[in-house]
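One chain, subunit A, links the two complexes that follow: it is found with subunit B in the first and with subunit C in the second.
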Partner chain A sequence: MKDMMPNFNLVQPTDLASAISLLTDAGENGWAIAGGHDSLDWFKDRIKRPTTVVDLTGIDSLKGIRETADGGVEIGALTTLTEVENNPIIKEKFGLLSSAASRVASPQIRNKGTIGGNVSQDARCWYYRSGLDCYRAGGNTCYSDTPEGMNREHCLFGASRCVAVSPSDTASALVSLDASMVIQNSSGEKVVAATDFFIGPAIDIENMTILKPGDVLTAIRIPATWAGAEFYFEKVADRNSWDFPLVNIAAAIKMNGSTIEDIRITCGAVECVPKRLNVVEDIVRGSERNEDTANLGAGAAARGAVPLNYNHFKIPLMEGLVRKAIRG
Partner chain B sequence: MQKKFSSDRYDPLSTERDALSRRTFIKGVIAAGTVAGAAGLMTGCSGGDSSGGGAGSVERLVTINVNGKDRPVDVMPNETLAHTLRNKLGLTGTKLGCDRASCGACTVMIDGVTTYSCSTLTHMVRNKKIVTVEGVVGPNGELHPVQQAMIEELAPQCGYCTPGQVVSGVALLQRNPNPTRDEVRHALSGNLCRCGAYNNYINAIVKAAGRA
Partner chain C sequence: MAEKLLGNNFTPPDVRAKVTGASKYSEDVRVDGMCYVKMLGNPMPSSNVTIVDTSEALAMKGVLGILTENDVPPSPPPGYPILTNKPRQLGQPILAVAAETEAIAAEALEKIKVNYEAQPFSLDPLQSLYPGGPNALDEGNISGGRSIPLGVLKWTARDFAEAGETRLPMGEAPEEWSVGDVEAAFKDAAFIIDEPFVVASSSHQALEPRSTLSYWENGKCFVYGSSQSQSWMMPGLAAMLQIPVEDVVYIAEFCGGGFGAKASPYPTMAIPAYMSKKIGRPCMLRITRAEEYHIGGSRPGFQGQLKVGFDNKGKVTAIDCYIVQSGGPSNGSGDYTAAAEALALVYTPTNMRFRGVPVVTNKPMHISQRGPGQNQIACIMEPFMDRAAKQLGIDRIMIREINAPDHDVVFSDRESTVTSSYIRDALIMGSDKFKWKEKIALSGKRNGNKVIGIGVGQAYHSAGSNGFDGLVTIRPDGKLHIHSGVGNLGTYSYASASRIAAETLGCSWENTVIEHGDSRRGLPWVLAQFGSNTTFTTTRTNFAAANDAKQKLKEIAAMDLGGAADDYEVDNETVFLKSDPSKVMTFAQAATRAIELGGKYDGHEFPDELNAVTKAAMPLVAGLGLCGVAKDNMPKKGTVPALATGYAMIELDTETGKYEILEYTAFVDCGSVIHPQSLEQQVRGGGVMGMGMASTDRMVYDPQNGLCATVDLYHTKPLTILDIPSNLEVGAVNKPDPQSPAGVKGVGEPVMGCAAAAILSAIQDATGHSFNRTPVDPDMIVNAMAGRPQSFKPLQVNI
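Now for the complex of A and B:
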């Protein structure tokens, strides 16, 4: 028999204003739940113990996929990953996101897990997840970045005391598509670029995103900029199901004849945020899309990487994925 | 036939194994309400706030629709669907493996869509239609074609993941009556089988596709 997670008040508002008000009142003791896969693991392990859990799934305005006037799409944060994967508009215009969503976890998790939750999920470092008092948990040590630490899955870039990586597959795709996040709280609505939504440990070591208590991610907007471009998504993980990426790559390429007119390329699971590879973009933009260009781009992909004891393999893996993405 | 032993101790040679199986015993315990004795462990509310929630929290007495029947049940705010099904409603066909959305043994259908019941709060699905492995059989208790095919293809080995595999298979055939082998593989990719009988499960569902 399994035991149960500690008790909490479960509140089920049906409108956004009530949800925000409940979360604002609860402050640090509040918790917003949607798909629940990340949340319930924390509760069952007794590592996070909120007293007020706000179920967002009754708020219909946060669901569904709408085309916007500029030819982009707006995806409600509660839209499930299965819906994102199979939506005809997203498949037609932003196939990159559809592919990324199809590679998340397992079918059952995609059926209930939401895109909002997928981009807001917490770090997957197992030291942090097992409740140790690491930097990210408010302590003053890192258990992973040590000679014996298990850091095979950890970062190559941007370490600042914490070496956790962005675990999301859709986040990489959204950064490449120039998406923006719509956040509401008691003082109104703000829209931030995906690149600013994800934050590294140098900015805030305890949070992977800019979301604060009382904030609700309501929607994700994708502009028309990359609609119908050529896309490449690939995720490498230890297992083909369930697993988080060791490295993932999400590229959007606009072609002009055989020339790369413009490109966005983002790599996941190598830094605490999805890593936009600006240098690679600058190198290959304007070049023919061929093996030589791919090799040039790949050579610059991992420049500046600082591997930990067990994750050197991520460097050639990253370069290989960039090569494949550019070569097409 | 005269019994070999007159004592009521367990007789390993007896073929009369149906007198009191473990399953009926557990169900009997649940039906008799003996669970109250283990309330602390069962509900996680021992010594604390036994009302199950303060102001604004959900009502505990709810009715949920399981396998086509409305079932009134007392549900704690922090209760997972797997817990409600197994320990409150006696539907022990749904298994708990990892309790962390990482194995698939607890797979049920919610509004026709497969979901891990271990990672679903019952209150979050109380207005939806839940189908467990007990609910996939025909009106007279006949096996679903997926179940029949699994028997024929020797799919279950230890059998612990089987209820989850059945539900995933039935859900697949409901939305796609003629799946390719790859589609079957994909549909079962959220169900672990530690015996490694994946091919047998896939064979069974491909076989059942022609009959469902």
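Now for the complex of A and C:
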């Protein structure tokens, strides 16, 4: 409603060390900004009020896509989603990520939005984004998980006071590709698996990733493990553009003849983190890739789901997407 | 013979500025000394406010003043106040702060200490009608329609108990009419559908938020606003500002969409004017996107029960319709009664009963949106028609033809008539263009998990009025100036409807200038640019003014060249003696002569029957040239029906609930087509809006705390270019309406409703499921296809 940013100090470093130093000094009052599509909404709504905003877009070392020695690829965190979508190496080897990137937001947003921002974006729960004092905002209630809460877009799994979901399309693909995230801070560099990068409310209710003040996500590495596999990505949203997923699915499948030799399948927007469907993987691994196998896997996809008032449709939707992914 | 203008394409004069970005909307205007105003909105759905302390804000450097309800005239309920300490809606303006910058104003708002005493609130009309249910306003819970004053209405608990959750409770109806013997007709019906329905409230969500700049100069109040209308704004603005209409200067050259919500002056428009008066500075009130959702208006939602009886040939023999209309915290619109009239006209039931109640709620101001009432009911009735066709073994186009109104139709309790009706032609020609017979053969065809659905929809709107004023001037440079008071909401109809004046006067388009968008240009009184009326209404006013100018040209020629006025003809920018065309005066000569003659010829004298707004404009044009000014006194009898049909083919994924619109065709009855390109863009734009009505448009509210989830574009989800077919086919019957001098009717409203109905019809065709609701989201489809219950009750709203 406010649409007017409070004042802050904007710093535009051109090297990573300076950015880390600035963010470290600012601590809880610091904010790293890249494409700005998540950040600026928070600022203009006057809900998040950092005193120091560090604009990372001048740091060239965080941009670009490089093949790695093991046959994988490293993507700078500031690489735009359009570049990820159209990069020939990614398209050839990891088409799953290319497909996922192509469904993020709108073409215009993808031209500015970065893959680092896409995986680091905050929860899209409308109550939280309204500036209410919910658990995720440091308060002591959840407005969504109430007898009358409007929670169509919220989670089926992993509720722990907060019921927000992972809003990222590329995150599901990265988990299925066994990607890892490169994080740098004043102590140096650490590399963590994508599955460990995304965290749910039971671990940290105020953050959706392990990034702490002073941390900068610098790159995403995808190993050669799933290069050239068969992929399936589908996002179901109300609109075909500029919308967050109701559910998305990202599957990587290695075939041996007509048999599923190995599979990774991850579902987005059903839990606070991209939900790796290990059970489905176990069920279908070693089976023929056909309708029966797809139905078998789909039947197990939503086991354990605890729907809220308005989101039980996500159960058949998950099942349908898993069926489609396995069926191919 | 001068060039033929009507029916041919042209480039409206405001297009270039819009395309190049040179156009200045109200928010783009800057004047010397301008400061900024920001509003404090109510953070809950209903509260009683005490402004405790403003001193800290006022002490801030750069803060110029605070405006509260004490500084503005009151607007007792069910009026919508400019500012209030009793806000009855989320986001309703309580006070406003002026500051040197908007950033300072925003910061100052946070320093004002306000106590909010939360009040009971109502978001669901049925909840409010339940015994003991909350009233949205202190004075009551119903208001609106034809003549329903603000008051309290509660139904009995028995009304609700008897209905259960699968039928609309139907208690006392403050609005009721009937024709024929409805009960007897149902007894004789071969097929009856009797089901509850919901049409969601939805925001108008114009792309341009309604920012206003205002200042006072030489006793006049200058207002730069965002509005669909121009002259129509003047009396309302004058009343809000408590000044004579001649002291209002209103400038609104461009408008980034209104869809009904910017048709008339709106309360926030007065805030910068009163602030400017208080602090002595020009004030800009920039409205944010979220504020636009709160104060920008929304379409009234319906909860209803529709019972329709058919004979075995497919004729609708009986309709019994009950509509509970959801309004905002002010006087409700007449959507629900308009819906009933649409049923009565489009389906020509021989027997019909309508009952309705307009309920006020603590949601945004509900005002008419494109196809008010008619489009809502089309979304429900059209799928009913399909079901009847299937049950009775009749083609879905044919059942609509069977029930289509003719020119001599008499409908509703008012025994209304129409000026013309070519909807049967539209059905025949449109279904041919869509290749209905080929497409219907694909209905239900499956390709794996995808299934084809074919849909058809119709919609109607009353689209024309009469009795307003026209004004033209012919200047000494020989150019014709058409003074258009109608506004420019973006449809270009202000320009299309002006061309009849040029054609009547035999003036080339190159030598024609349209004066619009600024009351200082001398603009006549015409109806607001709403309800698709502009094309019909102002074609008549411009024709009347042109004929007045034509007569004066002849009289001047007769004075100077001899003979009688009737001996002269006007064409090719001259007036000449019919028997001897060498006796001729150019427009330039005649204009110069008119100024010399003065009096009625140059606008110093004018008919007393002109409206006060036109009279106030006359001193601005008097003496500029030859003046043609007249009230439209041409006869008009009956409603001017805009009628539209739409046809859709979708491919629906049964496993995800998503569907792709493969093809869409619209075919309309708009009388004669005066501007083909403009018609096409209206039909396409309305079609896309209708597709959104069918699939995404709604307002989501949390019933516990009254907060709204849909206050930005990514939550309200207007459809994008990637959600619609790349080619939207358009056609028109193109037969003249006899009561328009150009044969024209408007058509902007029903082109939305027919598209929405066609998509819903196609979804029903593909899924075999009747949702009886808008919008139909993927979640509803996926639940239906999986055989699961929906998450909501049949009459639940705000989801």
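Criterion: the second predicted complex is superposed on the first by the 324 of 328 C-alpha atoms of A that agree within 3 Å, B and C clash if a C-alpha of one lies under 4 Å from a C-alpha of the other, contacts with A are read in each partner's own complex, and residues count from 1 in each chain.
Assume a contact is a pair of C-beta atoms (placed from the backbone, for glycine too) under 8 Å apart; a residue touches a chain by one contact, two chains touch by 3 or more.
Quantities reported herein were computed from a predicted structural model and do not represent experimental measurements.
> Who does A:46 touch here: subunit B (first), subunit C (second), both, or neither?
second
> Touch test for A:150: subunit B only (first), subunit C only (second), both, or neither?
second
> Considering only the touch criterion stated at the top, classify A:223 as touching first (subunit B), second (subunit C), both, or neither.
neither
> With both complexes superposed on chain A, which partner does A:241 reach: first (subunit B), second (subunit C), both or neither?
both
> Please name the chain, subunit B or subunit C, that touches the greater number of residues in subunit A.
Subunit A has more residues touched by C than by the other partner.
> May I ask you to decide whether A:317 touches subunit B, subunit C, both, or neither, giving the answer as first, second, both or neither?
Only subunit C; A:317 stays clear of subunit B.
> Regarding the shared-chain residue A:4, is it in contact with subunit B (first), subunit C (second), both, or neither?
A:4 contacts both subunit B and subunit C.
> Kindly classify A:309 by the partners it touches after superposition: subunit B alone (first), subunit C alone (second), both, or neither?
second
> After superposition on the shared chain, which partner residues are touched by A:130: those of subunit B (first), subunit C (second), both, or neither?
Second partner only, subunit C.
> Mind working out whether A:112 is in touch with subunit B, subunit C, both or neither, as first, second, both or neither?
A:112 sits against subunit B, while subunit C stays out of touch.
> Pick out the shared contact residues on subunit A: the ones touching subunit B in one complex and subunit C in the other.
Comparing the two interfaces on subunit A, one with subunit B and one with subunit C, the shared residues are 1-7, 106, 240-242.
> Quick one: which bits of subunit B touch subunit A in the complex? Just the residue numbers, please.
That would be residues 41-45, 48-49, 52-58, 76-80, 82-83, 87, 96, 99-102, 104, 107, 110, 113-116, 118-121, 123-124, 168, 186-187, 189-190 of subunit B.
> Residue numbers of subunit C touching subunit A in their complex, please.
Of all residues in subunit C, those touching subunit A are 38, 41, 91, 102-103, 105-107, 110, 288-291, 294, 449, 654-658, 695-696, 700-705, 707, 709, 711, 713-715, 717, 719-723, 777-780, 782-783, 785-786, 788, 791-792, 799.
> Quick one: which bits of subunit A touch subunit B in the complex? Just the residue numbers, please.
Residue positions touching the partner: 1-12, 22, 33, 36-37, 40-41, 43-44, 53, 55, 57, 82, 105-109, 111-112, 240-242.
> List the residues on subunit A that touch subunit C in their complex, please.
On the subunit A side, the touching residues are 1-7, 46, 106, 126-127, 130, 132, 143, 146-150, 152, 234, 236, 238-244, 246, 309-317, 319-321, 323-324.
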